[in-house]
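The two complexes that follow have chain A in common; it is paired with chain B in the first and with chain C in the second.
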Partner chain A sequence: MTNQTKPDSTAGSADETRRTFLKGAAAVGAVAAGTQMLPGMVPYIQAQSSAPVKIGFQVHKTGIGAAYGRWYDRTTKAAAQLINDEGGINGREVEIVAEDDGTDPKRGAEVVEKFAKQHQTDVAFGTLFSHVVIGSSPRAGELKMPYFVVSEGHHVASGGLNRYTLQPGITDVKSQVQSMAPWVADNLGKKVTMIFPDFAFGHDHRDFFSEAIEKQGGKVIEKIAIPPTEKSFTKYFPRIPRDTDVLYHVMVGPAVLTFVKELGEFFGGRGPQVFGFLDSLEAVDINSPGLEFLDGSYFWEGNPRYRSDISSDHDAFYRKAVGVDDNGASITDSKDIATYSHMFGCWETLHIIKAGMEASDYAGPKDRANLIEAVENIGVMPHSRAHPQGDKLFNGRTHQAFGHQFISKVGDGKLTPVHKTSIFDGYYPDETDYTTQKL
Partner chain B sequence: MRADRALALHLAVIALLFGLQYVLSPYHQGNLARIMVLATYATGYNILFGYTGLLSLGHALFFAAGMYGAGMSMRYLDFPALAAFPAGIIAATLLAAMIGALALRTTGVAFMIVTLMFAQAGYLTLLYFNEYTRGDEGFVIPQADRAIGLIDLSADDTRFIAAWAIFSVGLLIALAIVRSKAGRVLVAIRENEERTRMLGFNPFPYKLGAVTASGAFAGTAGAAYALLFGSVGASFAAIQYSIEPLLFVLLGGAGVVLGPLVGSVLMFYLIDYAREVTTAYLIVVGIALVLLILFARKGILGSLRRRSDGWLP
Partner chain C sequence: MDLGPQIVLASLDGAVTAAVLALTALGLSLVFGVMRVVNVAHGEFFMLGAMIAWFVASAIGGHPALGFVAALVIAPLLVGGLAASADWLIIKRLDYEPEATIVATIGLLYILQQGALITFGPVAQAVEAPFNHRIEIPWFEGSNVGWGLFTTSYKLFVIGAALTILLGVWLLLSRTKTGLLMRATQLDRETAQAFGIPVEKVYALTFGFGAAIAALAAVLIVPIQQADYLMGGDPLLLSFIVVIIGGLGSLRGTLIAALLIGMSDGIISVFFTPTLAKIIATLVVAMVLVFRPQGLFGAKAQ
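Take a look at the complex of A and B:
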């Protein structure tokens, strides 16, 4: 692999950083192509060991993340099955060792320790909820256990974690929010009122979107924080200014149906344009009673739930492999809605682990440092079976992937994509450089 | 003679715990370090619940106060670990004294509800001031900062020794408290508060002392968790972390100094192994508690003490 491109200390804008990154990515791509080290292009080498590659899967089987965990589990099993059908990693079978973390940070750290010391897995992978990642990451760093998270939190790229923690399979919330702002300003309006839960997830949206919309000449004219224990929302709606162009919502949890219903009753058939993040309605049928008010509104999607004209053959392959139909539901139960905007991250991350292990000739835990360096240098990830959501760039310095986002409109009982962002709509200057930390 | 026998037993347990690091596999050694931190928390809780008879559902707040007192003093005031640890303990102790002074105006179920409400208010406060606390996500204490001089608290061996030292000191302090005159007054309050008052004791300062002491233990455990395991977050102030020490004490034996340690060990491994079998692991925990109520209502060591001559403090 090539040397990592050094961060540009003078980088003052996303454009400058983008140019810097592209130079590095191009170099990575050229060399990787020459040495056949791009994902999906790696020829199998003779296995030095017949023992399986053990991948510790930290899964939210219980707790608040259980709905996500169920689909992360299915996606991970499907990806492992595919990798094994195609010869495994370095000729070795992949074995998924799943442990429930209860969506709890204390238990998460215990699970990482269990992977390292009891199951003796090669890597740990798959965590979604940010507080579990933050609770587990220090232990992964201490144990020098490569920890591949699928969280979309900004905690990795912000520099708060360590060199052994990476997020190569899904973009983070800062990138997602930033990439929405141009389209929202151009198509829905520039005066935005935000309604968000009054904890870290909501605050990230508030802060990142406020900054991003101002760069588009817009402004957040009211920020309405909803306490996390709130069950009724009508009393907050009179705070929405009358001149609001766009209502931006990111409510999550079981109260979201009540939130939407009360919002519809408040506005009747009128009101501003409505834009939300599908995190609110992951694993929820868009046709559920009470969600009628969302008709005609817009959502961010990480990966379009419904198949459409823009869906690729790679998506069709992935969709079939993980057992999801064209409407984003389980092929065996149409009421079991997938967490389609997030779960692709597990599929793609497992393929990145495979690519990294093959690029570094990974043979066992003693090669973990080489694996980290290999993934840091992975750079360009082309749209493929391994990356069915779309092509991506991995910034090895910040350990964060950048990819495309989608905006979909609710209508006719489904979500239809109306816009796909470019990767660089969501790119931002480096906030850290993990490569300066010792392995 | 009985007192000496009790002291010898506790010192033997401390020695046994120290020796286990040379016997256990790395995985179980790591678990035992966690368990000793949690057992410190539960040992303090036992002073309040087991000896004084006050059931609090708000001790997670004191655990979190210790955790945030240590973590935020390092994050924002650049305290070294050696100063952050007592800062966490002091924060939790002061908070426990303040909340105790208010909550002890109530008794029985009302005390339970008021402590729960204080803890919920504290939890929501941590979420509200997300800008500083990072709320539910929390924050990481960098590995490089988790050291006292040349002693790296993030290394497995030193972490174990630190957890062992904290638990040992806590256990001996708890033993000293329950064997003291004040400790006997606490038991008297538990058995009959009015009669204790008639004997000339004012229960309030004793009860306040029990709340404060248990809060200090909780804060010690919280600060230790932050320094030894490197993460700080509001989820540690949630209700489940108030329930945990109660379960440990009930299982091991309320009103027995070693009860919380036994309860912590058994509950930790019960949950750990149950999770490997089923996602409904809480049913397993529930069944264990039902069996406990049916066959050992005073907890494991409490039942053993009843069947022996009762010398176990």
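Take a look at the complex of A and C:
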């Protein structure tokens, strides 16, 4: 990579990123430290193999996750393109092998198996929906296939999965809600009603937000679970108690637009404060007819959809590369809204796979264990082109990344960030130590 | 929320479900009544109606009412035509044999579902309602109702439109020559044929008509819900439940069972959970099958 003459000035920052990765690795003795051993030199060991590095991409092309799948796919392609333009991984080209899992756990496990046996990929990557992750991870562990998920579920850090499953590119729900709770309690109110999808991801919201708001002296007074395949929602809303201060909503699935519209109709311009996770509106235009009531309400954002004063140059570079305009829509179709709060995870995870492979001199599947160890030791990831959402800290014991969260206010037909949490706001003590498991 | 307003809200929501369900189930019931064909692909015709409605509405653009009216005409015609040709191409060749047609329509289900996925893509699509005003429902006893007790003009329209269409179908069956031919074929296929009724044409027409009603129901509901290629499952299951409870081939039974299932779905969902509503509906089906296998209003098998 570094033997290419890079005309653009961003090459420096990429180098810097890699160095920092390396420092983290060196600190724990994974590799001998020292700039002389920068992986920039590795390619020209002219890799034991010049065959491409195959990355199995488990993608929700169909099923309830299809809107996310479309953008995870675009982001992954853009990141792979960038990595290849800059010389690939250890001098080898990156090849993305995409397989649709239908957003279905059973099919997810089959896809992992297909990666191992048919495509013989080096790693598997890219899953979002938590039930698919939970369904696929055990098989990945059995096959000793490094499985990099971009899912937000707490199942990785909870210790429920295995050493071969890592989530280095996106924060988890527990961390997200823990860092939201103080702001919600201080600014919106303390009696909260939660509406969440009735599967693992939604249960993480329910459990960890309830816990977090109680620490702030607040209380969740009603919990309304809705199946993610539901098509009509008004019938659930009468359960919202009258004395609710804050309605906390997070919804996924094909009918999120209907969900938010019906919520607006239900309240008819009155009702409690509304705080949502942007999941309820990912891939949906906030200016859709019927969503006017959201004006003045607040959303968690993983990565702010609209460009604003706080957006960085790294975000501008990333935005352009994945084909998203300043309003969070596709450059070619202003009606095609990105899943901007989540998809950066694919970009960042691919860069982490690259960093891990370069730190461990990865040459082929026999080095998978070394790759896992190298990623476990990555530690601090600075805000950079490889990490456009912001700096992150990877906990190698729990296999979970920690980072910043945003709270944005709806107004003037867009979302404007009003609060950014610190990494520490979302940090919590280890619940497991995967490094004690055998590789 | 107070009990009173909550029941009103649940009933209104249930009435919309019931209205659309009555139409969808009517299509299934007609096809079975006349042809003795259990159409497992019925839900997919519903789904196609919704997807075509989205396609037509987004192609036409302009005021939402334009696209909606166009969809009301185009979707049932296209879906009906497709179903009639499926009858001619597949079901007729199987000689309308019950077991074979079940398997064939299962195949048709997958073809239609995957065809819609390939044609329209995997993402759920929304159609804008031609009009949609929030109507506050006044409530006097518990003066402080505040938010929540409402319906929309479009939801009321759906209920009205469904009732009108049901009335139209009833008139068609009881007052027109087409209806007479269908009823004659239903009663006794061979005798009907002996009297010169083109039974195969009646069958193709019925199959197309049944699918078209489902498509029409879908066009009505799609501005409230969204359209996606997997949406056919629930209408199919609920239609079967309605048809079994109401009695196959009985228009009156279908309407009453749809009301029963739709309203109970609305009310039980509000007070308990939607899952419990489905459990109870399925339990009712089991009880009906045990104690009154011909359904509440069905004629005893001859």
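Note that the second predicted complex is superposed on the first by the 353 of 439 C-alpha atoms of A that agree within 3 Å, B and C clash if a C-alpha of one lies under 4 Å from a C-alpha of the other, contacts with A are read in each partner's own complex, and residues count from 1 in each chain.
The definition used in the following text is that a residue touches a chain if its C-beta (ideal position, glycine included) is under 8 Å from a C-beta of that chain, and two chains touch if they have at least 3 such contacts.
These numbers were taken from a predicted model, which means no experiment stands behind them.
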- Task: For A:R270, decide between first (touching chain B), second (touching chain C), both and neither.
- Result: second
- Message: Taking the superposition on A as described, I'd like to know which of chain B and chain C A:K61 touches: first, second, both or neither.
- Response: both
- Can A:P227 be said to touch chain B (first), chain C (second), both, or neither? both
- Message: So in the superposed three-chain picture, is A:A255 touching just chain B, just chain C, both, or none of them (first/second/both/neither)?
- Response: second
- Query: Is A:F317 contacted by the first partner chain B, the second partner chain C, both or neither?
  - Reply: neither
- Item | Touching partner for A:F424 - first (chain B), second (chain C), both, neither | neither
- Now for A:K235: first (chain B), second (chain C), both, or neither, which partner does it touch? second
- Contacts of A:K106 with chain B and chain C, given as first, second, both or neither: first
- Note on the structure: Dual-contact residues of chain A (chain B, chain C) 61-62, 227
- Message: Under the definition above, what is the set of chain A residues touching chain B in their complex?
- Response: 61-62, 99-100, 102, 104-106, 109-110, 113-114, 117-118, 130-131, 134-139, 141-142, 153, 155, 160-162, 198-201, 203, 227-229
- Task: Over in the complex, which chain C residues touch chain A? Could you list them?
- Result: 1, 5-6, 9-10, 13, 17, 117, 121-124, 126, 128, 132, 134, 136, 146-148, 150, 152, 224-226, 228, 230-231, 234, 266, 269-270, 274-275
- What residues of chain A sit close enough to touch chain C in their complex? 61-64, 66-67, 69-70, 227, 230-232, 234-240, 242, 254-255, 257-258, 265-268, 270-271, 283, 288-290
- Using the touch definition up top, name the residues of chain B that touch chain A in the complex. 25-27, 30-31, 34, 124, 127-128, 130-131, 134-141, 143, 154-155, 229-231, 233-236, 240, 272, 275-276, 279, 281
